[in-house]
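Once you scroll down, you'll see the structures, which are given as structure tokens.
Both complexes below contain subunit A, partnered by subunit B and then by subunit C.
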Partner chain A sequence: MSAPPKPVPLTTVESTETSDSGAQTLTLSVGPQHSGSGHMRLIVEVDGDIIVNVAPDPGYVHRGIEKIIELRNIIKSIPVIERPSIIDSSNLNHAWVRSIEEIQGVEVPRRGQYLRTLLNEMNRIMSHLYWLSIYGVFLGHTTMFMWPLGDRELFIDMAEKLTGARITYSYLVPGGVRRDLPPGFAEEAVKRTEYFEKRLKEYDRIFFNNPLFTSRAKGIGVLSKEKAIELGCTGPTLRGSGVDADLRKDEPYAAYPELDFEVSTRPDGDSFSRAMVHMDEMRESCKIIRQIVKKIPAGPIRRKAPIVLPRGVAYGRVESARGECSFYLIGEGGDKPYRARYITGSYRNMAAIPAVLLGNRLADMPTAWWSIDYWPVEADR
Partner chain B sequence: MVVEGSLSAQRTAQEEDPVATLAEGLSIWVGKLSDLVKRVVDTGPIRNVINWARMYSLWPVNITTACCSAEFGAASGARHDLERFGVLPIGSLRQSDLIVIEGTITKKMAKRLRMIYDQMALPRYVIAMGDCAMSGGLFHDSYSIVNGAHEFVPVDVYVPGCPPRPEALEQAIIMLQEKIRRSKVYEQG
Partner chain C sequence: MSLSHEREDDLVQKLRENFPADIKETNIIRRGRLEVRVAPEKIKEVAVFLRDKLSFDHPNGVSAVDYNRENRFEIVYHISSMRIKEMRDLVLDLKESVPRNAPKVGSLVSVWSGVENYERESFEMFGIQFDGHPRLEKLFLTDNWDGPPPLRKDIRFPTD
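Moving on, here comes the complex of A and B:
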């Protein structure tokens, strides 16, 4: 009996080189109605099972926010600025008020700075938890969808006590913040963050140390250090590729210079290391929240700032949950800006989508794609 | 005169064709029968059973338009758990009954939403979530959005808020269920 013939591979590396003829590849439209895309569309070209070309098609949530900012005064713009990423709203708001204060020359009281940092870090945890829950459901792990969303409510409750709203706070205003700490907040914060850190260990056990996740995430969607820098990535995507860049350390603002925390980086640049950067950041944020409620100084929370933007140019940037969020603001003396350029973390990380997807299998697309934490509403603005 | 003559000739030919006559009679009869079936189905007990089944299996399609999706996610999550109302997000259009329009609808997205609505099987329901889906809301003066979902799809329930709390979305689901319970079987969606 002769030996069985060798199986012919459906996809070979050579075939991708001849894919320009168009005969061997298939173009798929993933989104906008798709469980794995969100509010955007990816035009994916596959050769067999291998992704050979990716073209992101953003703009499904483009609302013209930069133009709207020019039409409203600087206080009325705050809710509009928060909307692109309402799961991370106070960080975006922080970039806006920082750029206004830079033009106005207003100094924020120290207690106000601490309260800003407190809400920023709570927002970072909430945003990462939302990201994690969607990551879980993308990978078919329904427990990892339910747990993070349930634990997210811990912080939503705290933020609601502090600001009065669940996710859209409008808490940061030029000159300070709107409200002081409610009574009993410090004990509640310590209790809840300690409980949450215990929960994070359970996350590790059920998801991050689970072969179901590790076998699908390790070595998938690799973005090398050089490539990440070349594409201008930012935030956890950049730190997941081993670059130690965090505006909270590099260009300290608000209360960060007085707080003790570490910047998490992972050298591998694959989906797993980007996910672990998010986990580490949540742990660090818990530490920061506990430090803030312990060290917060007494004093005023807000200094009076005029609702006028004097003639001048400012560039205010902060480290939001998805990376660097910045405003380039031009004032012309009225209560409205002449021009405001608004750049968010997701917008900059969009360039990384083709880079992490190319050469992977189609089945690995959700793992690789969602690990960049791309939030289309924030990117389209 | 020529035209009139040819028309009458056609008519007589049709009247004499036995197959055509039979088919016409049959279609009238089938039509009457289907009317009868509809009337029987819409009587109390059968209608109640069908509506009961529809009320508790409202599967929304996986489409997100803007930022209210964060609160939709929170409502599907552990604390609020929309699944206890029978709401389970599903990827397939053929098996879904509900579109929850989550927030601002841009012009680019409105076309896709209408396409999705047209592809869904009857009965289908629409919940417009958030101020933007009702009237444009915070972005009413933007150059790239549609001011309200009712401009391109019929809407069953509106949920005000920017964004609405998960409890408000739950209430909208309950209101939609109440609407289904009271409506006739063949007049839904």
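Moving on, here comes the complex of A and C:
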């Protein structure tokens, strides 16, 4: 890859330069006011309308969460940890409690594990729906903006019944979960997921099988399998490039070993593949939710866990909606961690942004960029 | 799931055989979690060996830790393998220590290009210099931040 373009001041259009080959290039600043969602800037150099250079410029929503966690009790940190991606909060929360439990040596009761998995999968659907609605905005498809946001309420309502909150639940705590299933939840979950699967078919008809979308997404923003691995990509971005890596299968945690689901992959590595992986995952998550409410064992939902973090080190990770979310946690015996390194799926996939954009036309940028499902707040932390 | 450490022991043995003087310390935390501490001047060779011979092709992240009481920084490369499906549950922590007053190490971007952003973050948050990094500039901090590297332990912020 050639050297990234120099940062440009915060205005829209910058200098024109003559490149070595004699061609005139133009450096554009895309963002940081969000063109779809999330505050970040891409510095894009174009030759005509072909993108010849891209440098992501994140940090506009950086909050120093790693420092905040170091200064706080491990329980008080739970709401902070959810903030980078409130649309996928329980998965991030899961990575945190998993690494704490690993150091503490606490086993979570099976019912607690099932409830965690239940909320994780509902969150995965909610997050993918949010992604899809923004994708609709990016591509100028207003229906695909309204429908997913509306259908997301199906799961938000269920999550509210289960946890008491709509978006940021702080539901997972070391040792288990906070609340048990409310009465009537199982029937409601079956009804809603079955309805939602019918809706997904309608999504296919209006959007994913629509030439307006396919002609803009197929073959655009190709990320090869080798490149995706080398760049450390994860989640749907990696699976869209044909790697069947999913921590729910590769390093089974919570209730996943006892559940039946498929890991969805697509071989092409283009924007369409990544979009379809998201769609497949929503279907699989519906299946998982129905299995959970059917199979959930009786018993306690939480085991007592100490509030201190003993001396030790853990690398706890889960498959969040945007890929692997991990904590490298170092405890030294107090109630605060010595170090809590927090790496999220979006941060990992940031490296893929230049790779999918280079060589494409500027007009294809929204399709290729948003297919990565890069959530700036989650990357900045 | 099996709890045996055979695979991890095997990896440690291979590394020790090939780099008898440079592997300072190894530690199997649990099945699938392995720590290897190497001499900073040899980390690149070990990294290339891990990538080419032991198929650790996927960089998962880089962490820097400030051990100010021991007057050193530790840089930890979390790496895993995607090519071999059976190894996907394994994360190897490749560690190196540098003195706190002269934090300068070699960059591993040429080995795993995906570590570029993580090394940049360690540079701005801890002030660690990565030799050979293609673009050692601030990543998340604002361009006009001229304070000390904020994640160092001696930097205090108001707490509750």
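As a working rule, the second predicted complex is superposed on the first by the 356 of 381 C-alpha atoms of A that agree within 3 Å, B and C clash if a C-alpha of one lies under 4 Å from a C-alpha of the other, contacts with A are read in each partner's own complex, and residues count from 1 in each chain.
In this text, contacts are C-beta pairs under 8 Å (C-beta built on N, C-alpha and C of every residue); 3 or more make two chains touch, one makes a residue touch a chain.
Everything numeric in this text was worked out from a predicted model, so none of it was measured.
Of the two partner chains placed by the overlay, only subunit C lies in contact with A:245; subunit B stays clear of it.
In the superposition on chain A, A:314 makes contact with subunit C only, while subunit B stays out of contact range. Contact with neither subunit B nor subunit C is seen for A:26 once the two complexes are overlaid on the shared chain. Touch criterion met: A:67 reaches subunit B and subunit C at once. Residue contacts after overlaying the shared chain place A:212 against neither subunit B nor subunit C.
Once chain A of one complex is fitted onto chain A of the other, the partner contacts of A:86 are limited to subunit B, with no touch recorded for subunit C. By the document's definition of touching, neither partner reaches A:363: not subunit B, not subunit C. Overlap of the subunit B and subunit C interfaces on subunit A: residues 59, 62, 64, 67, 71. Across the complex, subunit A is touched by residues 61-67, 69-71, 73-74, 76-79, 89, 91, 93, 104, 106, 108-109, 112, 116, 138-139, 141-145, 162-163, 165 of subunit B.
On the side of subunit A, the complex with subunit C involves touching residues 3-4, 7, 58-59, 62, 64, 66-67, 71-72, 102, 229-233, 238, 243-245, 250-252, 257, 313-315, 317, 324, 326, 328, 330, 338-339, 341, 343, 347-348, 350-351, 380.
Chain contact summary for the complex, subunit A toward subunit B: residues 32-35, 38-39, 59-65, 67-68, 71, 79-80, 83-87, 130, 133-134, 145-150, 152-153, 156, 166-168, 377. Considering their complex, residues 1, 29-30, 32-33, 35, 57-61, 63, 65-66, 76, 78, 82-83, 85, 88-89, 91, 93, 112-118, 125, 134-135, 138-143, 150-151, 157, 159-160 of subunit C touch subunit A.
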